[in-house]
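Once you scroll down, you'll see the structures, which are given as structure tokens.
First subunit A sits with subunit B, and in the next complex the same chain sits with subunit C.
The block that comes next holds the complex of A and B.
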């Protein structure tokens, strides 16, 4: 049970979210971020920070995104912590627009 | 006709829950409905984020179980059978009944019972004090949380806010002593975690591996109730190894010679025997603490919850002066900064109205009071409860229920829901919730005033607490001006707006900005409050030694009444004082009940608030009992088994979680679960005996046994 990152984050990584996390729960994957469910405290502070609505609380997760629960659990355990904002991917703004944001 | 929805409006909010963070919020309102909340991004503590409890605060306002109308009991006590009545009927019945009781038994037969279920200045802890003080009712001492700590702190350093919680960003050595910040002080944890990233070492002292302990660089786990021995041994090491700041001690403290003498025998080896922490670790801890400035201690509420808890807090509060930590920005200790907030408690509570000789009862011992076990000259015939839920929050729960079942007890409750306590009400009044009433929210965790806008109407016929008291006062014939003040006028009168700390701040400013940093506190990056002593004690110094001290409960927790303070003589120096119930101190009891229990706050609930909300229960999980593998095996308990936790006072059930987070000999079960949704609650097993100071709780000073349910 936790908050998690879903596929809208891929090739965006605006990373504003990591600055909102009080417990450093974000992990930096190559293409996207993940949240360590064992560290996350479900405060929800990161959710409105995401410009592409990639972050959900599991209780509000649309069903077609269910697989991301397990992916966050697994990937967060092997990727490094990210606690500072980084520049988004090149083309992130185009990607954001293509997602309709 | 305009078909478009109204625009979304934003209002300033303040979280009213019993938490040190007192978040500044933004309420989003559309069509007269609260549609969302978020943390105020401009507030230096809230920083735009709330917590697991508050993030969907609007849902609690619109919960289908909200009480909408006044109710009158129609079935047996506790049966939750009520019928709807009008406000006039409800208030008439209450005032008539109270007038009758006053005529037959006198006002002492009536008592109020409230706590920090709402931290508002107007609708919160002290909101009804003036009313009941005017009545001459028995005064209710309310010592659920932090009152022993207050006594210990005030004796040692006086009413100082201590180190600015924001200045922890400059600290290099941070000790979180008995506080699960990640769950209960999240916005301070964020500052500490920044300091940690910048190289500060974070030490967490807690008898089990809390979420916060797991984030620490070093988790030290003394046996429950032995923190005083750890603190005394630190004093021993600091003095015996010459790590003290002699110049600071000579100029700004009282009683160093006596403390040195007292600490002489409190060696690390002595403390190892008591705490279970290796002497070498104690030495290392003391040395690191004394030689890594700036060093800051965050004193958690939980430290007081054993018989000797407040003495432990006194010892820990001596440490910063001993090493001169106060000299540095980000050095010192943090207890409750509320001491330097400009609230006029005498105006809020009107202790001047209390008749001479008015008796006092303590709400931890409510069960004893209501069942007659505590002998009172005038037994209690009526009680009004608001902002608290004693059945889950107070100890000796079964006794409280026995008391509430009394047919001759007239119980009035103002509540949001039919809580475990509200279920026993004779008259149940629907109370307004956060966004439905104007208030300012006190903080015991930061240095800001916080404003809360009334931005939606209460549902049904719910009314703010203060409106309930205004109407009751009218019916009782109380004509003091307090009882005519609107909520806004209350705020005008309750805050000392003319004090230097409020320079440039008034109610209009608060309405516009939502929060304001108190001016006395200066810049978090510059200010070292006690660099040159200047403690607000009678001598201006930090008191290791307090001569002639007697026990007391701080005013705001007893309606500002000074009569019948506990008054017994206190040790002039800090020391380790053993718990009542541990295998080491009470082997006879431990033969029957060999395990110590700790009952911290639940991560997903705020005391019993939210423990009736489905999503929050899902998030928090069912009542669990954390147990070490050794203890589980010895009892044939397997992971996931339903277990019963019990002692002579009562029992509750939970699901066993076998874990190394807890050492053998200790179990952990978190607080807040509703009795009507569970088989008993944690406080069924808790003792109502007081701790050593401030009539503190002893929630961590209880022996129990565990068996398969």
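The block that comes next holds the complex of A and C.
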């Protein structure tokens, strides 16, 4: 069981999810966030917070996004913790619209 | 923000569930000078993490490790076994603190308010959940698992947790932290058919997908839904198609897989779990013991996302000797504060408590379930607590002009009244004993199920 951030977060980085995390499992990449699978307790609080539906539980992860399990595992180990909301990535609203949200 | 010219903000948080700890965390992170006391009625902390999260969801119970870090902060003092309203009154606390924050949750179940609800085999969810989680208030209860069927009313995760505890093989449950006494009774259960019944349809069900999915993974169980329930009306289809309605879409896929089980769900040795929709409970029937439950079939009226389930005269009778009602929770009242009877929350305006005249009570705030109602998952309360602390910070300048003495005064007061309070270090002793006892039994911990037994080991 794992909860992970996928490519819709790239260059959106709305960070709405981080305040809802009860265990501070989010890690801040430059263009997107990652979840540290060793910290996350799979409570699912972050999933409905994402305005571009980038967060999945692995049980309903579409197959074409499978690679993101490993990317979250790897990147979360080298990126700093993020526990408070930050301004979105520049141009996030345009990117959100282009994703159909 | 800097209040260094003033006195440290003395805050008492009442209730040590996740919301209480997250209020403390948000205050600490705000950078103000503050001292925080977390008061808890029981000796042990963590609230619903310990007594609400299902005992077979140990990973989720691991949130307690995050709460421990907050408890161990030098500006935080935990005092367990202190009941506000009994051991100490609100007006006494207000002499010691600038601010009180009520994070007392919702310990009681809401009632359906229908005939027969007081029959002995009709159990509010909070009683059963408290019992199998070892809560001291619920250990004298008994449940008749001698029935072959049980009915669970309500379509949220609480209903699924109860269903899973009833359906899961006992050897699996033995690996959880259900107390031995409860395991003994559950091991004799004859229940082989469980009905999960809701007033509305599959699109409106409040289950989260993970919990719904987990039900289908239970060993030796068949989860079934009558395919007719997935033939959606126009408004329900519109709700399902709405791009933001992610949870309905994900749940619908799981429901579809359960509907394909429907034809194969009879004539097997497997336990049967049926999810039933559009049924409104009307009466529980029986003399002393429950015999059957009468439901009214419902139909929807109104536009998408505002559909109301209207009961009809068309009745359905389900035979069962055991029922659980999972239709919401309500908070406990406190003398001098107002409980909103409809919502079950402490009446508040944007986290600030209000009296019966709708006026803000200075210095009193709330967070978590008792502020907003019993919704969301654990993390939702972290956001909620942050919001409450934002309001506190806005009001803070008017409080810190004069000093308050916080836990120093409170501890003197409790000692003078001869009240045995439990510190966080005391709790760690209890915790270690529970874990040690559990280890011998091959489980995460064996909980003490009475206050006296907890106090006896410190």
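Keep this in mind: the second predicted complex is superposed on the first by the 101 of 101 C-alpha atoms of A that agree within 3 Å, B and C clash if a C-alpha of one lies under 4 Å from a C-alpha of the other, contacts with A are read in each partner's own complex, and residues count from 1 in each chain.
Heads up, the rule we're going with is that a residue touches a chain if its C-beta (ideal position, glycine included) is under 8 Å from a C-beta of that chain, and two chains touch if they have at least 3 such contacts.
Bear in mind the structure is a predicted one, so any value in this text is a computation, not a measurement.
When the two complexes are overlaid, the chain among subunit B and subunit C that reaches more residues of subunit A is C. Shared-chain residue A:53: touches subunit C; no touch with subunit B. In the superposition on chain A, contact is made by A:43 with both subunit B and subunit C.
When both complexes are overlaid on chain A, the residue A:100 reaches subunit C alone and has no touch with subunit B.
Of the two partner chains placed by the overlay, subunit B and subunit C both lie in contact with A:24. Contacts of subunit A with subunit B, set against its contacts with subunit C after fitting on chain A, overlap at residues 1, 20, 22-24, 41-45, 48, 59, 83. Subunit A meets subunit C in the complex at residues 1, 19-24, 41-48, 53, 57, 59-60, 83-84, 100-101. Those residues of subunit A lying in contact with subunit B across their complex are 1, 20, 22-24, 41-45, 48, 59, 83.
By the touch rule above, subunit B contacts subunit A in their complex via residues 38-39, 47-52, 55-56, 182-183, 186-187, 189-190, 193, 197, 211, 215, 603-604, 615, 618-619. Residues 18, 22, 29, 59-60, 62-63, 65-66, 208-210, 213, 243-244, 246-247, 250, 253, 376-383, 386 of subunit C are the ones that touch subunit A when the two sit in their complex.
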